[in-house]
Every structure is written in C-alpha cells, then in structure tokens.
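Have a look at these structures, which come just after this line.
The two complexes that follow have chain A in common; it is paired with chain B in the first and with chain C in the second.
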Partner chain A sequence: MPSQPPLPPLLAPYVTLLPESSLTLASSILGATSNWLVLRFLHAALSSPSLNPAFGADETQTGIKKKVVLVSFLRSFDFWKTEAKRLGLDLGRLAEKQQFAFIDGLSELFYAPDASTPNTSPAGLGSSPRTTLPLRSPPGVMPGRGPPPAAAPPRGNISVTRAQAEPGIAKKLHFTGRGLAALDLIEKNIIAVIEQQKSSVEEIDELVLILDQPDLLLAATGPTMGIGATEIAEWVTGLQQHAHATVLTLATDAPLIHNASVSAGQPATPIETEHATFAIGLAHRARSVMQLRTLETGAAKDVSGVLRISRGGGWSAGEEESWEEKEVLYFIQRDGGVSVFGRGES
Partner chain B sequence: MSFRKRNIGLSPGVDRTAVPNAATQPAAPETPGIRPSPDDGRPTTSTGTRSLDNLLAGHAGLPMGKLLLVEENGTTDFAGALLRYYAAEGVIQEQKIHVVGVPEQWGRSLPGLIGSAESLDEKRSDRRKDDRMKIAWRYERLGEFGAGVAGSRDAPATPGAQDPATKEAPAFCHAFDLTKRLTHPSITNMTFIPITPSKESPFLPILKRLQTAISSSPASIIHRIVIPSLLNPTMYPPDACQPEHVLQFFHALKALMSANTTRVTAMITFSLSLYPRSSGLVRWIELLSDGVIELCPFPHSADATATSGAATSQEEPPQGMLKTHRLPVLHERGGGSDQNVGQDWAFILSRRRFEIKPFSLPPAEGDTEAQDASAAGGMPKKSDLEF
Partner chain C sequence: MAPVNLSHRRTHNLLLISKLLSSRDTASPLTLVQDSLEQPATPLYKEYIRRAKLSKVHVTLIAFETLKQPEGVDCFVSTRRKSPADISKEVSAVASENPTRRRLILIDSINPLLSSKKSDPSFYLPSFLGSFIAPASPAAKVDASLVVTYHQDVPEPQQQSPYSPSPISVLTYLATSIITLHSFSHILAQKAARDRSLAPPVFGLDEEQEGVLLGRLDKLAGTGSVEGIVIELEHRRKSGRGVLEWYLLPPASRYSPQHLKEVVTLLDDNVLYNPPMARHIGPEDEEPTSTFELGLTDRQRRDREGVVLPYFDAQQGNGPGEGGRILYDMGEEDDFDEEEDEI
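Moving on, here comes the complex of A and B:
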C-alpha cells in the first residue's frame, strides 16, 4: 500500500488558501465524521515546508506564517494529539512554540469535577512570571513536559484558574449560568487565547480559528436556557472578527436539518428547529461548504464517504475562478492516511 | 493492506503476551480482562459477548474510554441481555461496575458463568465435528466462517501450536448462561446509583457519584458504567429527556471517560420505540456516543424458522437484524475502511450465547412447490382437487 501524502493533492487547494475573514463550513453526519478534515486543515496551516519539522520552522519559512487556535467541543486533546502525530504534526511542541493553541470544550464544559483543584496551585505559580517573557522553546525540548509557556494569559482579569493544568491545553471552557452571559464568558475566554497567540510573535499575519462542533453548545442548552440559533450565530461572528479565517464543523444529520421543515409532517422539537436554523444560516454566510456524507449506495470497502465542496452564500463574486466546486470520494486508511479521488478513479 | 491478509500473518506466531511489549502498552498485560487491540495496540476490554467484540472494528473488544450505545426497536429486551453479559464479564474480571437507575435485583439476575468463550467454542466444534463435512486441515484452522463475525481473530490461535504462556493467560471473554445466576466473590463489587429527584438535572447526582467513585479509586481499578434503558419513563423523571439535561449528561460522561481514558468503559441501552431515531435528540445522543449499534428484532421470531434466514435446519434462525451505525475509534477517525461496516448482521440469542453473524436469506422454500407444479406439466395434483 503506497503511503498517502498527509494532504491529498485534490484537497490541498481547498484547505490551504483561506482568504481573509472567510468562513469555511465542514458538515458531518453520524457515519462520516469531520475529524480527519479538521486534521487536514491543521496540517495545511501548521506543517512547515522543511523536511524535518524538528529544526526550527521559523528560519526556513519565509512569507506567511500561520497559527491555529482549535476549539474542540467533542474531542479531547489526547485524540487530536495522537491523530496529528500520524500526520507528522507535534501539537505539543507547536503549542510550546505558540503556533498552536488548544481550547478544551470537552472536559469541564458543563460539569467541572472537584478533583482538579490540586492542579490549580502549579498553574497559579507558573502563570505570572511567564507573561512577560517572549518565549521560544529550544528545539530540543520534549513535548508534553512541564507547564507550557505558551498558555500564559496576557491579562490577569480573566479567570483562568486551572488553565495550565495540563500541557498543551491553553484553556478549558466552562459553561456557567445561562443565556448570553454564559456564551459571552466562553467567547471572552476564546478571544483571550486568540489575542495572546497574536501578540506572541510579531511577524504573524494569519490566525486560523477552528471551531469543532460548536453546535453542541446549542443542542445541549437550547432555548430553555436562553440560547438559540441567533445567539450562537452571533457568538460565532464575534469570534470570527478576531481571526483571519474561521473553519467550523457541525453535524448535519437528516433529523437535525429536515425535521424542522414544514413538510416533515410531525411538529419539530426546538432542538431540531434551532439546529436547522443555525446550520442553514451558517451555510449562507460561509465562503465554502465542505459536506461529508456516507455513500448513498451503502458501505464500500474502499470508500469511506463522499466529500462535496461547494461555494457557500458568502462567496464573493470577485474571487478567483479557478476555485471549482467538486464532489469527490475519500477513503481513510487504517494508518490514518487519506486518499481523495473522483468517482470512478481510485 | 487487506484485513484478512494481516490476520493470517499475525495470529499463529505471535502470542498474546508478546503484543503489548511491541505496542508499548505497559499496563495491559498485568490487568486481567484488558488486552491490546490487534489493530493499533490500544487497550481493550471485552463486552462479554464474543461476537460483539469481534464486530468492533478490528479491535476485538471495546476500546477503553469508549462508550457503546445499544439501541433496540420494539418491546423485546435483547439489548438488556447484551448489557447483562457486559456487566457479568466485568464482575468476572473483577472490575468495578456502576449500574445507573435500576434496583439491586438487576445485579442479582446476571447470567451464570460457564467458562471462557474459547472453551465453549471448542465444545461446540467438537460436537459438530462428526456431522460436518471434512475440510482441509489448513482451512479449518482459519476458524468457522459464518459462525462468528468475519474478523474473529481468536479462532486461529486455539488449535495446534500454543506455548504454555498463552495457555495460562486469563480468558479475555467468558461465556454465560442466561438461565443460571452469576455467583462470584466480586459480585458485591457493583454499585447501584439510583435516580434521585432533584431540582436541576436528574443526571447531576449520577455524574457526581461516578466522578468521585472513579477519581477516588486506585489507578489499577477498571470501571464499567452500565446504564440500562436510558430515559425509560418508568425510571427517569419526565424532565430527564430535556436536551439540556440528557445531552449535557452525555457530554459530561464523555469528558469523564476521556479524562480516565484507560480505566473506564460504558454501555448504555436505549429504546427506539420510545425515542425514534428520526428525532434530533436521539441523533445527538448518537453523535455523542463512540459506538452505536441498533437491534431490530424480527416480529415473530418464534415461528419464523422457515423464512428468516437459517441456512440449514441445524442452525438456529436469527432473531433479528443488527445494524452498526458507528463503531468506536474507526468512525472517530473518519470511518469506512472496516469490512464489518455496512454488512447486514443478524443476531441469535440462545441460552448460552449471543451470536452475531452475517445475515443471509435462505433459498426461498416456497419454490419447491412451484417446481413440483411445473414438473407435473400443469396437471392439477390430487391435493388440489380434494376439498
């Protein structure tokens, strides 16, 4: 089996060139998750052109330098770390170099365990003196050891008690209270990390924000807690303003989209209507929509699913014509490699 | 790289104790009931049902830190049987079981132990040996095709060249008898978490108890979280099925399991007749689970011997269909490359086993009549003339 390049050539133009203030929507369903696509976005932004990533990418890379802030609501950092390692990305080291920041929306979002209190003391000690140092780790540093210098908050007014508890995780989000106030707090926390990433190195000019399944926030709260599609959409807009480009993944399973329509026959529940409103609204705002789904004809041994790339409602007319809409098949191999190919090819 | 090809290369030479060293999973060999996945070396544990283990995307077990959701249509309780096997297996392996929402009688009705799953299979194949057509010895080693899931990797290791180390290795999966009751010293190791009415989410106390139980126990203890008939209105208060309660619970459970990723597994059963798959809430529950399988029992399995897919008269007829919607780890990565995905599976629950095998329709039996009629050249038969 020939090993696949980390970034399939067919896919490359769609995940590398993200214009300013653009929103890219990646939609997934139950049987076709978007994690591999997010990893391709990570790879496109973070991988250094030099062959050996261990030797300072800063020197070899001229021109645009990209940073990524990944906010994940459904997956732990461990998952992203192991999967990125298969692509040759060391997220732990990248976090130390302040090229990458992970914001954990999984572990303590709704229920913060009390057991993490012992972790706060080293974090509190570590944070204050490091803020002033323009740290760049020596190349030989092992990833995942000790408190990460990357994660130090620039300003003290935001509560970041257990922020640096685990290496590589810049912040853990908490959902406290209800309604807009809770969303604002989360937004503030994410923006703090973004701003701190921006401020760390001067020559940075592109910061890609990846929001992994923020639709969970909507589903798990809902209108009874004062959060609807409008609020979440505004929340996304607020975050978008601070990033060069935004990539957002969300679920578009049929029950979540189609039940809300009038023709569905049965009255839709709030979770369905709000989700549909949110997803459709985003698709209208997005520059491009990458839609993942399984094969209509059933499962196949050499195809994982279908990827449809289309222009979204936010496509500006003046953009280059070379960007074409496309529908391709993809296949995830056991080793994590992805091959992307047209129908009928292999 | 085809799955089967590697399977052959792996199985006869490599014994189970050697794999963890190669895969650098230091904790795996010492803990009973945990073994590294043949696919990528991550620790897995058994669901107590061998054919279900084999269904799980080549890992031959439920990977640690993963949550398996078993959905069931109709009023039968096949999923409950799977759950009891899962709990019973945990008792045998001396893991800590947390059962949510049911009284302690549930724990007393766990199925009794027969032996290891391998021993049952050996017995079965002995019994069959006489009345089976002889096939070449080298093919026989490959295991019984059709009897288990195609990815069954244990079959080749059983006969022939076994070094003493594997012989002594504790069984990974056991066989249970549904008509007997489990008696095991560590059966007291189960905790039952009742659902207490509370002003906020009814799941909050459950989470708190799980959290404290897991974080306060030593790192060597493996936990199993067992949640029978989630959201069943006879057990759960009406507001439990509010999305903000149940989805936050799933999210927090996922967080809890990813924080203790080597120590916890969970299995949850769920009735689709109460909450159909076409609703957004159920879809979100599925999206938050690592593995989702659906059981669709046939409506009249008792009298369906003739029509429902037994290949020969000796085989038991399947009692229902099984669909895999999502498999742990595989779909998290993007899915698709497993041979078990998208197949039609049938399941058979008998006294001693829950078996999952490929579903196939038998030759239509009604056709014999039509053949007879055509052979007779259109002449009406005697039976047709008499009233």
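Moving on, here comes the complex of A and C:
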C-alpha cells in the first residue's frame, strides 16, 4: 500500500474547510473509533501549510491561522500528545504558543482533589444568572438508575484548578452539583479557555472547537440528575456560539441508537432513549456527518473500517456544490498513518 | 379513495399547495412537517421563507436547533435556556412590534422542547402552540400561520403520565395540514422495487446497521434529475374533508429566488416516477406482430356477419334446414362419393 501524507488527499477537503458556525459530527462505534479522525482535524488546523505541499487547498488558506481547543472526555492529554507526535504535531509546544488548548474532561470530572479549596457559594461564581438549581425530575420516573457514585458528594460548587503542574492542560473540568447548574459551570470553564485563546497574541481568523465524546456527560449523569438530551444539546449550542466551527465525536453503537426506536419492540432504558435523542438530534443540526463503522463483511487485513461522509440536516442548500457525499475505506497502519481510499482501490 | 381525475387534481391540488406554502388566506393555521435525517426539512423551510419574502410576509423563526439567523428571516428567537412561557412572550412581543398583518412563524424542531427535562408543570403543548396563532386579545386580528417541524426519527420521550397521549398524536390531531417529507431518490428506488414485487428498500437509520445514521449518498446527484423533495400532504379542509396528495418540490438551484410561478408539481406528473410509456397502452395497441394478416377487411367482416350458423336454423324448426339437418349443395367440382352416408 503506498504511503499517504498525514492528511490523506481524499479526506482533506472534508476536514479542512469548515465554514463559520458549522457543526461537524463524527460518529464512531466500538470497532471503529474516531481518534484518528480527530487527529486529522487537529493536523488540518494546526500544521503549518509548508508541511504538506501535496495538498492544494492550503494555498488558498495561507494567512489564516487556526486555533484549536480540544475538550476530551474519554482520553487523557498524554494520549493525544503521543498520537499527535506521530503525525508531526507537538501539542505541548503549540499549547505554549497558545495555538492549541487542551481541556481535560476525563481525569477529574467526578473527582475533586482535596488540595483545591472550593469557594463555597454558587453566587460567588461571577455573572452567572442562574443561581437556583433547576427543577428535579419527579422521583420514580426513571427507575433502575442511581446517581454515579463519584458525583454523589454535592459540594454545590465547582472548582477549577489551573493545572500548572501539568503543562499543556489548560483546564480540568469538574462536575459538581446537578442538572443545568453543573452543565453551566462546565460551559463557563470551556468558554473561558476559548476566550483566553482568542484574546492572546495577534487576532486569529478561526477557532475550531473539538468536543471529544461529550456523550459521556449524558451517560454519566442522565435524567435522574436533571440532564437529558435537550440539556446537553443546549450546552453544545452554547459552546458553538463561541467557536468558529465545532467538531463533535459521538458513539453510535447499535444499542445506543436502535434500542430506543419504535421497531425495537421493547421499552428502552433512559440512557438508550437519551443517547439516541442526542445523537439523532445532533445529526439533524450538523452540517456534515462523518460516520465510522466496521466492514459489513467482517475484519480484513488491509481495511480498518468504512467512513461515510454525508450531509447532515443542517446543510444549507446554497452551499458549495462541489462538496459531495462519499463513502471510503480507511486503513490505520502500525505507525499511526492512515490511508483513505475508495472501494476497489488500494 | 376513489381515483380522482389527474387533470382535476392538477388544478385543485396544485392550487392548494401553492396556497399552503405561500401561507395565503390562512389556509392552514398549524402545519406539521414531519421530516427525518433522510430528508430534512431545511429545503422546505427555505422555500417557505422565499415565498414569504415575495409576498411580504413577516417571518419569525423560533430556533431550537438553528445557531444563526438564516437569510430572509425577519425575527430570530433563540430558545436556549428559556421556558416555553418566555418563548411565547417573546414571540408575541415581536408580533406587537411589527403590526404587519400576515405573519409566518416557523419552529425548526419541536423535539427538544418535548424531551426537555426541566418539565414545567404549566407547559401544555396545545396552548403553547395556540399562543402563537391565536393572540390573547381578540381585537387584534392577526393572520398568522405556524409551521412546526417534528423529527420522526428522534425517539419519543418517556411519558410523564401514562394516560396522556404522546406528543406526536397531539400534534397530528391539532394540525390542519400534515406534510411528510421523503427523498425523491428513495421514493424512486422504493417504487422500482414495488413494481417488481420486491420488498421496498429502507435507508439510513431504518437499515439498523451499526454505525449508520444517514443512508443518503448523492451518487445520482450528478445527473441532477433525481434531486428534489417529495411532499406527502394531508390537508384537512374546514368542511372536514381531507385531501391527500403527493408533490415534488424541485431543488432550489433549479429556479431563481424571484420565480413567481408555481414550482411544485404533482408526483404523478413526474416522468421519472410515472414514465409516459405506461400511460398509453390501450386495447388497440395490443396486436401481436406476425407475418400473417390477422385483421379483417370490411368486406370480409360483412360476409362473416351474413353467415347463418346451423344452430340458428335449428331453433326455428320449420326453415329449410328442417330442424338442424346439415344441407349440402353439391358443387360442380365435388366428386360424389357413393359410399358416403346419406345426407
């Protein structure tokens, strides 16, 4: 198989040209994860144009400096740093240059280290207009789902530690309290980082926000905590308003999508209903949807999976006609390189 | 339903859809648009807005999903973190600011509202929708049409009360017109399968294939012929009579934004859906081709009709046949056979 540049030519137009206030949804399943795709988005935004002269679209983009804020809920910064290095991106250095910011939604989301002393009252959180907790969902409606144990201690507040000890991590998110208030605080923290990125150094043209697997928030909290698909979707909307373009990855494994449909013939659990509502609702809003899945015919030695790129419900008809929907195969090599090719090609 | 004449449908039903899409005469105060990922309602909304602009109708968009104000929308109401009561208050404030008589109110998706977890005990869907089209003061006569989109593929939220009807039943009950959208290429594929008595194919989420959200792949888009939206319309007239019709809305690139004439056509009038070949097969054309001449000339037909068959004779009993005996006139060329039975 011929080696392809870090950004495969077939994929390039779909990950580089992200129009203003667009949402790109990347859906993955267990057998076909979206990490490599997120890395391609990172590479497309962060690498200097001279690095890949093979790709023509960069020429039109010279002068536009992109910044990226990556919010990851399932992977640590170490993982992204190592993987990006294989593509020739030094995330640590880019973070120092304030071109990149990493927000850690994994390590301390439901665990507040004792060292940090939280300020006590929610009123002390600045200009947040929402000081009351939202209404609880009535008890007994969602049986069989307890609150996650880690989130149980209701501190009533969020504490954000500027992680000076770990370079490159702009912020660690904490989920405290419940319902909308907790989401609002996470949103505020992310927006703070975005604004900080925007204000730093010279003016930038584009800031790409990448939300990696925010469905974890939904899965870990759920309706008993007053958080459902609508609330998370609103949370995404709030973040979208501050970024030039948003890329969001999401799991679309069959049980999470199809168990809640009418044809399933059995009552779905709350997480199935909420996740399907969230995922399908986002696909309705997205400009483009990149769907990853495994080969229907089983595993193959030289194919890792199938990538289908479709227009989402948010596609506006007046947009460029050259953008075409596509289904391609991809193969992740041992060195982390990815080749993308059409069916029957190699 | 009795088959209605195609030309009758052409005149009446095209007039109806034109009235509905242009929100003329308040033909439908509440229109429910049911869309899916396979055919989103975005192009239809574009068409609504385009026509509203042409006839100077004030457009309000209540945005549950849309991030920024689309072109042509006069008033954009974001619903983020707002209670239903706040939303309707904001919309009626807009209405009082703009005393334009005719208004079009679009809701881009009702699903987030229905599945919202901060359930407001005072929230009641019919009165929420009613607050837009029937303003509180009866003096202000407003001519408003409300168009609501419901995503069919989003799972229904769990019911708060087991005895209350599901939101979609309420919506279909309230709506004066129900529009269901289909992708034209899918309709064609399904028709082709039906014509061969095969099971119609399913697309996207219905395939239930892991990892597939959208089945749409515009491979055929290059030909440009299969683009478009199929509109399945159910309209309830004031008299109570229902109208069912299938239409085709061509893609927006096919006509100019200032185009005044009706662009929607009947689906049955489309050559791809209903090829003209099928319509002209009449009984006259069914003649098989062969080297024999199977037809009759006029003279042959007259002669054939003149032949009196034996059984007609037999019924009379007193004619020359005397009860059905076969009479045989020997011709000159006939050779009399002695041994033949007596005739």
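Here are a few things to note about the model shown:
Just so we're on the same page, the second predicted complex is superposed on the first by the 282 of 346 C-alpha atoms of A that agree within 3 Å, B and C clash if a C-alpha of one lies under 4 Å from a C-alpha of the other, contacts with A are read in each partner's own complex, and residues count from 1 in each chain.
Rule of thumb we're sticking to: contacts are C-beta pairs under 8 Å (C-beta built on N, C-alpha and C of every residue); 3 or more make two chains touch, one makes a residue touch a chain.
Here the structure is a predicted model, which is why all the values come from computation and not from measurement.
Partners chain B and chain C fit side by side in the overlay (superposition on chain A). By the touch criterion defined above, A:334 lies against chain B but remains apart from chain C after alignment on the C-alpha atoms of chain A.
Of the two partner chains placed around the shared chain by superposition, chain C is the only one that A:180 touches, whereas chain B remains out of contact.
Judged by the touch definition given at the top, the superposed model places A:345 against neither chain B nor chain C.
In the superposition on chain A, A:253 makes contact with both chain B and chain C. In the superposition on chain A, A:110 makes contact with chain B only, not with chain C.
By the document's definition of touching, of the two partners only chain C reaches A:234; chain B does not. In the superposition on chain A, contact is made by A:32 with both chain B and chain C.
Think of it this way: put the two complexes on top of each other by chain A, and the tightest Cα contact between chain B and chain C is 12 Å. Note: residues 32, 253-254, 268, 270, 294 of chain A belong to the chain B contact set and to the chain C contact set alike, using the contact criterion stated above.
Put simply, chain A touches chain B in their complex at residues 1, 30-33, 35-36, 74-76, 78-79, 83, 106-111, 113-115, 216, 219-222, 224-225, 251, 253-256, 259, 268-272, 275, 294, 298-305, 330-334, 336, 338. Residue ranges on chain C touching chain A, taken from their complex, read 35, 37, 40-43, 46, 65-68, 70, 80-81, 109, 111-113, 115-120, 151, 153-158, 160, 205-206, 208-214, 216-219, 221, 251-253.
Contact residues on chain B toward chain A in their complex (touch as defined above): 1, 39-40, 58, 204, 207, 211-212, 215, 242-244, 247-248, 251-252, 254-256, 258-259, 261, 277-284, 286-288, 292, 325-326, 331-337, 339, 341-343. For chain A in complex with chain C, the residues that touch the partner chain are 21, 23, 27-29, 32, 130, 134-135, 137-138, 141-142, 179-180, 223, 226-231, 233-234, 237-238, 240-241, 252-254, 257-258, 260-263, 268, 270, 273, 276-277, 279-281, 283-285, 289, 291-294, 296, 306, 308, 310-318, 321, 324-327.
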